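Two complexes follow with subunit A in common, the first pairing it with subunit B and the second with subunit C.
Right after this comes the complex of A and B.
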């Protein structure tokens, strides 16, 4: 079955020119501005960027779980032939969690403190399909086993679990209806390195056996290049660089990507002075004219202040939105 | 450089458990912790949550009093009961930077008021004008320019990075001898981390202070420090010069930490050391080596007795029988 799906050449999710944001008293906040990407079946897309770059808004837009004051203004989200951006709530309910599920950032808050682990898992099954109590229980125990949670934790409450266990229960929740796409919004940020690593290995192992796709959102670029196939770097609502993670790591092109890469000291080799990126992301209510990164960019040239570069493919599966890589005819 | 500013000898910190079922039991947050910090040195303490690294900092800051063991600061033993004046004098010399830049600043005070407090408490520079000048100077050093713009602001008007800069400025304001920094960058955005780390290194040099840097990030520890202590479940597992800990790590736990840390430059698809399990309960810590239930190289003797610290190289000690 999985093999058959892989043969289909259309991507599982195609995001085209998506614009989404928040309507507030003083105007419209362009949190996601003209974002396009493709996600293959079984693929692993990593999205990196600082806080306030629109990563989470993008995730919630795909799930159609945006807050009341937020809307998808334009663009499309093609998922298995349906445009998620245009579905009504009833239709969306059939897709949400059944086909696309999500693991949230803080497992502490995302689990219901007054329901036991087992109750939460079976709840999700009953909400979406007709199932007997014992079938639901059986299925819940199966997914708990997948994430290495012992059987006797079925009746435990979230506060009785360690941080790493809670996060694994979150992943079990996301897996319970056997979805094709799981969106993970900083699922390991609050955890220690060792626990983080075991959870990542678990996700990768399950992805190989179950064949789902992952969109993984984090600001930890050093982790992301190790685990994802395709990387998208977001800055101020736009994708500024997009490509195979190996080529992005070996040859980062956008000054913002370079800055992010320069924000993690390494474990080996000479200790170099590292800089990070000065300043902070712009206010998305009034993004700067031209390239949104130019006020912080160490290599800005005059044209960067005037117009905004588009994302263009400059090598095989490697695109960048920067005037420095557009060739001489534009400069 | 060779003079020790702070020495811990066999320090234990046990917390009583307030539960009827476990009455009389204690949490072994720190067990037999001994190390010394040289003047002008940066010493990093690395470990998972629950390894006792924050407890160690809090004992050094005298937020907690140790259960037993000796703490010596500048050649004088720091007794459990100090007079109020001695306590104040100690706190002037030993300042702490906390993890949470949001919780560490009083939300109802302006940055100016927050910065004045240490001068008032420690009775430094009586004249208002002189205090203001010192505050401006330190704010400029931490990159909050122009200072008069920031002194009027409240903490909620600042970004996370700016708030942490205020915390750092406040710690350095009283010209301390020792700074205890408890995960100062873990709650900051990635782009800010390096500039905060660089700034702390610069201030350490210019104010000639000693530095304890607590983190769970091994590569950050390597960037900041001269020596590294690896802690696990309340005990020191390995201690040595930073480069030796990273390149010739001896203890299986140090190797595990190294293997788990993201480091794409070591190859994107490398083989890793994997272990399951969590840090053990510190109420009934495992007998013998505390790491043995998770250790991939465990043998029978590991569960029998706690291994002693063993010297394997100049200044490099490890608590492992292997």
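Right after this comes the complex of A and C.
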């Protein structure tokens, strides 16, 4: 009983000091640099950041799907007690899609144009278990029902579905083996806001009924604030702020987070001029000395140029990596 | 699937027309002995028939009393049969007429019969070579495109080398050196010189498909490489494979005609190519014997048209987007 309780208490996925990146001729690109986070069972972690900040690399590192020249350099990814970073390909194959699955950004391209939706869903089952044709079909129809796609769409080809339906098929595909964690890499980016809304609501609803955890990656911070429990803001390969999304939204601490929060309008608050963040993201091949954000930071102080701040817990479930706040609360 | 394919062929006018042409020629090839009125190789008609059959007289040769009750006799009977053989020489270089639908050659062979029998060899060489070339090209393309790396390098190197060598002279050189005369050497020569183009086109399509998102997804899903290759990638390029099959079949028919025309095949067999060879050899063009060289040319063009028309339907079959709902 105590054992069980302890199991319940440990996070589903524990990412510790993960360093991953791309080896290229001119050096090593630190796309994910010393990233740590915990994801509880049934939790919803949102990762936000600009293009090229390493959020997708992080997602692919968790799935161990980094390509050719990309590697996990150090750190660990504890998933249910096993370190994903150290598993070999065969062991990883057993976990991939069965325990951790993924929904992709471009559902339009992620479905095979010449196979029907049903065939693709059953293929996913057959790739992992010995199931009879009718069992697989039953399961496929079940997940299609979960994502509100009518039964008669089973034999449809992808081009006969709308963008939103295709995305829901992708989500059905991610659900088909009942995984505990689904990584969603910008699943709603290609859709308009109305469809986006229905997809997000569907994900939330399914998460509550099926109890899986989600890592949701997007550059759309306004969306994330609304849907995730925990938010991580990434900048140039590092998590600069991490905490409960409410706390982050109400009281952003890092200048970068503040900048991001200022760059989308509030629907209810006063209408004010939106701010942006000057400059562009740094070259990850040669990241700036000290804090990686200092060249663009409006509040930079001398120490920012010399050393890199680490992620420190400021309040309950709210950490930030910025010299302005290390103990700033006390001052 | 097969039923769908069939109905698509029927619904698509163009494809139906193409299919009809091919079925027509196939029928001619299969039932050649029934259709052809004359033997394609001889210049005369032999009619052999029994004129009279006469029973001779029965004569007793031997008579023997074995015992009181038994007697033994031996008879001979002669039968005489009279045969009649009527040999009609066919007219030489005759214009098309009721007896000779496409006229005769300078040696007096019936050209209609030659065309009918020629369909057999021409179609067989074309289809077998087309199949052989396509399978070879597809295998190489899938290996090179999907597995990449050293495999790709080696296969691409050979493909490029063979692409640089002009294939007609190569064909001629190989054909001239091969001592065995017949159909199989021609199939091999044509197959071995025509694979590079198809290989190159198919390979690039495999490379392109391999990097599509849906293939990546199925790889992430944990599907086996062969499964990905044959279920995810191959169905997406069926139209290209079929196009390459039709093109290489057509090229083979042309190539066969070319080799035979140049006298590098076996000139004693009857094919559309050899008809052209003999036509050229006997100066049919100079003497204006159009019935000799036009039919093979028209038939080759018709076969080509048939393949091109069928290709339209193949596109629809393999691409669900083009199908009518």
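Keep in mind that, in the parts below, the second predicted complex is superposed on the first by the 318 of 331 C-alpha atoms of A that agree within 3 Å, B and C clash if a C-alpha of one lies under 4 Å from a C-alpha of the other, contacts with A are read in each partner's own complex, and residues count from 1 in each chain.
The rule we apply is simple: a residue touches a chain if its C-beta (ideal position, glycine included) is under 8 Å from a C-beta of that chain, and two chains touch if they have at least 3 such contacts.
None of these values were measured; they are calculated from a predicted model.
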item	value
First (subunit B), second (subunit C), both or neither touched by A:302	neither
Touched partner set for A:157, first subunit B, second subunit C, both or neither	second
Touched partner set for A:106, first subunit B, second subunit C, both or neither	second
Which of subunit B and subunit C A:93 touches, first, second, both or neither	second
Touching partner for A:27 - first (subunit B), second (subunit C), both, neither	neither
Per-residue touch tally on subunit A - higher for subunit B or for subunit C	B
Subunit B versus subunit C as contact partner of A:193, first or second or both or neither	first
Partner subunit A, residues of subunit B touching it in the complex	48-49, 159, 161, 189-195, 197-198, 216-220, 222-223, 246, 256-266, 268-269, 272, 274-276, 278
Subunit B-touching residues of subunit A, taken from the complex the two chains share	50-51, 148, 162-165, 192-198, 201, 219-223, 225-226, 245-246, 249, 259-260, 262-269, 271, 273-278, 280
Subunit A contact footprint on subunit C (complex, rising order)	212-218, 220-224, 227, 231-232, 235-236, 238, 318-321, 325
Touch list for subunit A against partner subunit C, complex	63, 65, 93, 96-97, 102, 104, 106, 109-115, 123-124, 127-128, 157, 159-160, 173
